[in-house]
Amino acid sequence: MSEPLSPRTPLSLLRTFPGFWSLSLILGAAIIPIFLCLPLLSLFVQVPFTELAKRISSPVVLNALRLSLLTSFSSAVIIVVFGLPTAYFFATSEFPGKRALEVLMNLPMVLPPTVAGLGLLLAFGRSGLVGGWLARMGWSIPFSTVAVVLAQLFVATPFFVNAARSGFEAVDPHLLKAASSLGASPFYCFLRIVLPLSSRSLAVGMAMAWARSLGEFGATITFAGNLPGVTQTMPLAVYMAMQSDLQAAVALSVLLLIVSFGILMALRTRVFLGPR
Amino acid sequence: MLKATLKKKLTAFDLEVSLEVEKAFPLVIVGENGAGKTTVLNLLTGLVPPDEGRVELNGKIFCDTARGFHLAPEHREIGYVFQDAALFSHLTVYENVAFGLRARRVPDREVEHRVREMLHRFGIWDLAASRPGKLSGGQKQQVALARALVTKPRLLLLDEAMAALDYRNRREVRNDLRFFLKDENCITLLVTHQPLEAMAFGEKVAVLEQGKIVQLGAREELLRRPRTPYVAELMGVNFFQGRVVARASDGLCEVRTENGILHLLAEEGREDVFIAVDPREITLHTSAPSGTAQNVFEGAILELLPEPPLGERVRVVLGTHPSIVAEVTIHAVRTLALREGISVYASFKATAARSYN
Amino acid sequence: MATARGKGKFAIALVIVVAMVWVWGRSSRYLKPPGGKAKTPLVVFAAASLTDPFNEMKNLFERQHRDVRVVMNFAGSQELALQIEQGAECDVFAAADQRWMNDVEQRQLLSERPRDFVQNDLIVVLPARNPGPVQQLPDLSRKGLKIVVADEAVPVGRYTREVLNRMSRLSGFGLSFAEAVLKNVVSEEDNVKAVLGKVQLGEADAGFVYRSDVSQRVKEEVIVLEIPPAANIVATYPLAVLKNSTHLELSREFEDLVMSPAGQDILANHRFIPVSRGKGRP
């Protein structure tokens, strides 16, 4: 293991490697952050804070925010619970058709979200493949909060599974061999070796899946519909506000951004505090 | 006593190995990379099931395909040490060593006692709170050994365990290990691709080639009587294989080998023979040597390697068929003006060749 | 083995490249007819509900003006208004609702007073394959139904609520009718096609949509319930040429086509209600 290069400030980089490369690296690296931050900042500039305070206290917004947090966190938990075994199995096992299945499982990430919503309707809707059967048992999924969570699960799960999988694959097989020779059962190995060593990938995957769930719009509005308090999450509320009142829409977006920033930042810090 | 008979179909060849290891005589398996060494270890630990075979340690059966029995790896009480130490990077040295005890649900108090004792024995107690990333290669390997030995394994498998260490660390770890194993009831098996390592560690050496043990015996036996070109090369001995075709009354024989007729002394009743020639018995000449009963080869010098400690002797590798290694004095190199690329004659006397079967 | 795999990869890459080139070629041929010189583009923003008739209108106009290419942009009226206010290039704006046209007019973006060109009214649709407990309109207030409407911010959503209020005042419905129906609403969609889609799929028991939405294709999948004329509203669609239009003459001609008997026929064929026929430019 070689010593990692210590982090450098742009200034010290220029001083150690003066020349075209350093300069173009710094300039090139500046473009994307500026591009990404500009629209976000523009939203902040647009909205007066008195307006923001007024909007946030309205019941529609509070309902939407509560629903968004509730559903996105439920989704994250479900994704982790079911995603972990899936990711571990795919990281450690071989079977015919594995490649094709993996590609299939990644398709929800490419699928236009409204099509994903339609697919969910055709599967879990009242007259859908599984939904028809559920409906006969008196359980109707569309237009319910459960549908919101299902829509989020559908689009967000691949993010976690992919990240977790690459984390698991990065664990040195020698360590598992050593652990099992030391008397650790496969489950104990997973708990004490695999999970801690891939915690970074897991946290990153979880954050990505949560963020994707929070921002989910297309599949939700198609599959779960839009009803305040039941299925109207923040993105839907923002979109609906845009139909009548642009200012309100911006205020809601800013609120969503602030909450997301806080949570993602907390996750990051937590991750960076974790063991290397 | 470890008794193992194992068969496993691999992509390149079929592995077929039969071993017996006693506590008093650690066994070294030496072979080139890809000869199947690690597979043998995986079969012993149970991480890979054999196609056919039986493993038994001190009367306890690990695996018996005839009866469809397979003991899970975590129940075999085996210590396994890797070339790269394979320490758990997210745990401290203390927790690394404690891992096997905790996995076996040993009570906390006993864990502490045993880990502390083990760390003291290896002289690494002051590293207890460090993480593996901060350790030197030798320290890592010591931790790995402590981690394996603290569980009191009945079988210790060392997988190139010393290969990554520098020379001094290697000796230190080896000594630690020897000292330690004296008091423990533990059978030891080392695999390596380095002949020196094999010679240094094991009194008993098995040579693995293409999944088969081609020769097994005490190290002196291997040195004196290699039975395949590979073993001979490992031991640094010149090797021939042939059949006696003519025998004179004084015991001088003509032996037909793949590379022509050799003249040497062989006992009566031995027709198919292996022949070993010590590199020191080979003399080099710049012109064709005269005299009878001489075995002469001609070829270009491929390599000149000074021998430790002072370089007073030089190993000369010749591009003859087969390739011959001679060991001559630096004086001879100078007077004959030997250098890489020039063509020379190599000869040895009939009495210098040892024949056996 | 390695070379075989290499060949396979190469073949796949080749197929992808060929497919891309083919698509590119086809699409550019479609955009630029061979031999034709660059055509004048005329940009028309039209409400989503006008999609079918205005595509026919475009074809008719392009037949009449060989050197013009009509570029249609269909979306919700409010979204189109927003785009225009943000400076989108547009020659003609056809809205589904007076409110958003007024909005654009107040910002002084129009070259003229808007003209009403067609009318529409509401109907109730039920899923044909899965007819629920709804037989007639008063059933809509029954508890436990799943009713889908458009959001109040969308014109059709506003009309829906108005119609419900009017129905409450009719005999046979009851004063609490509107309230009871709105309690059954399980989703407030962002556009009228989404309302229709949920009914078509059988996920909703009933939905409120424009009469013009029930095309020939949709007709087989839904059952239509007429709303009593006394309770129905008439939505009037306004049309105007933008002040910033770079082709004022052409834009006016397009407008005239919509108002002409031929244009009104097209709209009528798509179940819109024509305004009084043959009204010329004032």
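Here the chain labels run A, B and C in written order, and each chain numbers its own residues starting at 1.
The rule we apply is simple: contacts are C-beta pairs under 8 Å (C-beta built on N, C-alpha and C of every residue); 3 or more make two chains touch, one makes a residue touch a chain.
Please read these numbers as outputs of a predicted model, since none were measured by experiment.
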Key: Path length in the contact graph (subunit B to subunit C, fewest steps)   = 2
Query = Based on the averaged CA atom positions, which chain is farthest from subunit B?
reply = C
Remark   = Between the Cα centroids of subunit B and subunit C the separation in whole angstrom comes to 82
Task = Report, in whole Å, the distance between the mean C-alpha point of subunit A and the mean C-alpha point of subunit C.
result = 34
Key: Mean-CA-position distance for subunit B and subunit A (Å)   = 53
Ask   = Taking each residue of subunit C in turn, which ones touch at least two of the other chains?
value = none
Request  = Going by the contact rule at the top, pick out the subunit C residues touching subunit A in the complex.
outcome  = 76, 78-79, 82, 129-130, 146, 148, 151-154, 185-190, 194, 198, 201-203
Key: Of all residues in subunit A, those that touch subunit B in their complex   = 1, 172, 174-175, 177-186, 188, 192-193, 196-197, 275-276
Ask   = Which part of subunit B faces subunit A closely enough to touch in the complex?
value = 42, 45, 47, 72-80, 82, 84, 86, 88-90, 99-100, 103-104, 133, 144, 147-148, 151, 153, 157
Query = Which residues of subunit A touch subunit C in their complex?
reply = 121-122, 125-127, 140, 142-143, 221-222, 224-228, 230-232, 239-244, 246
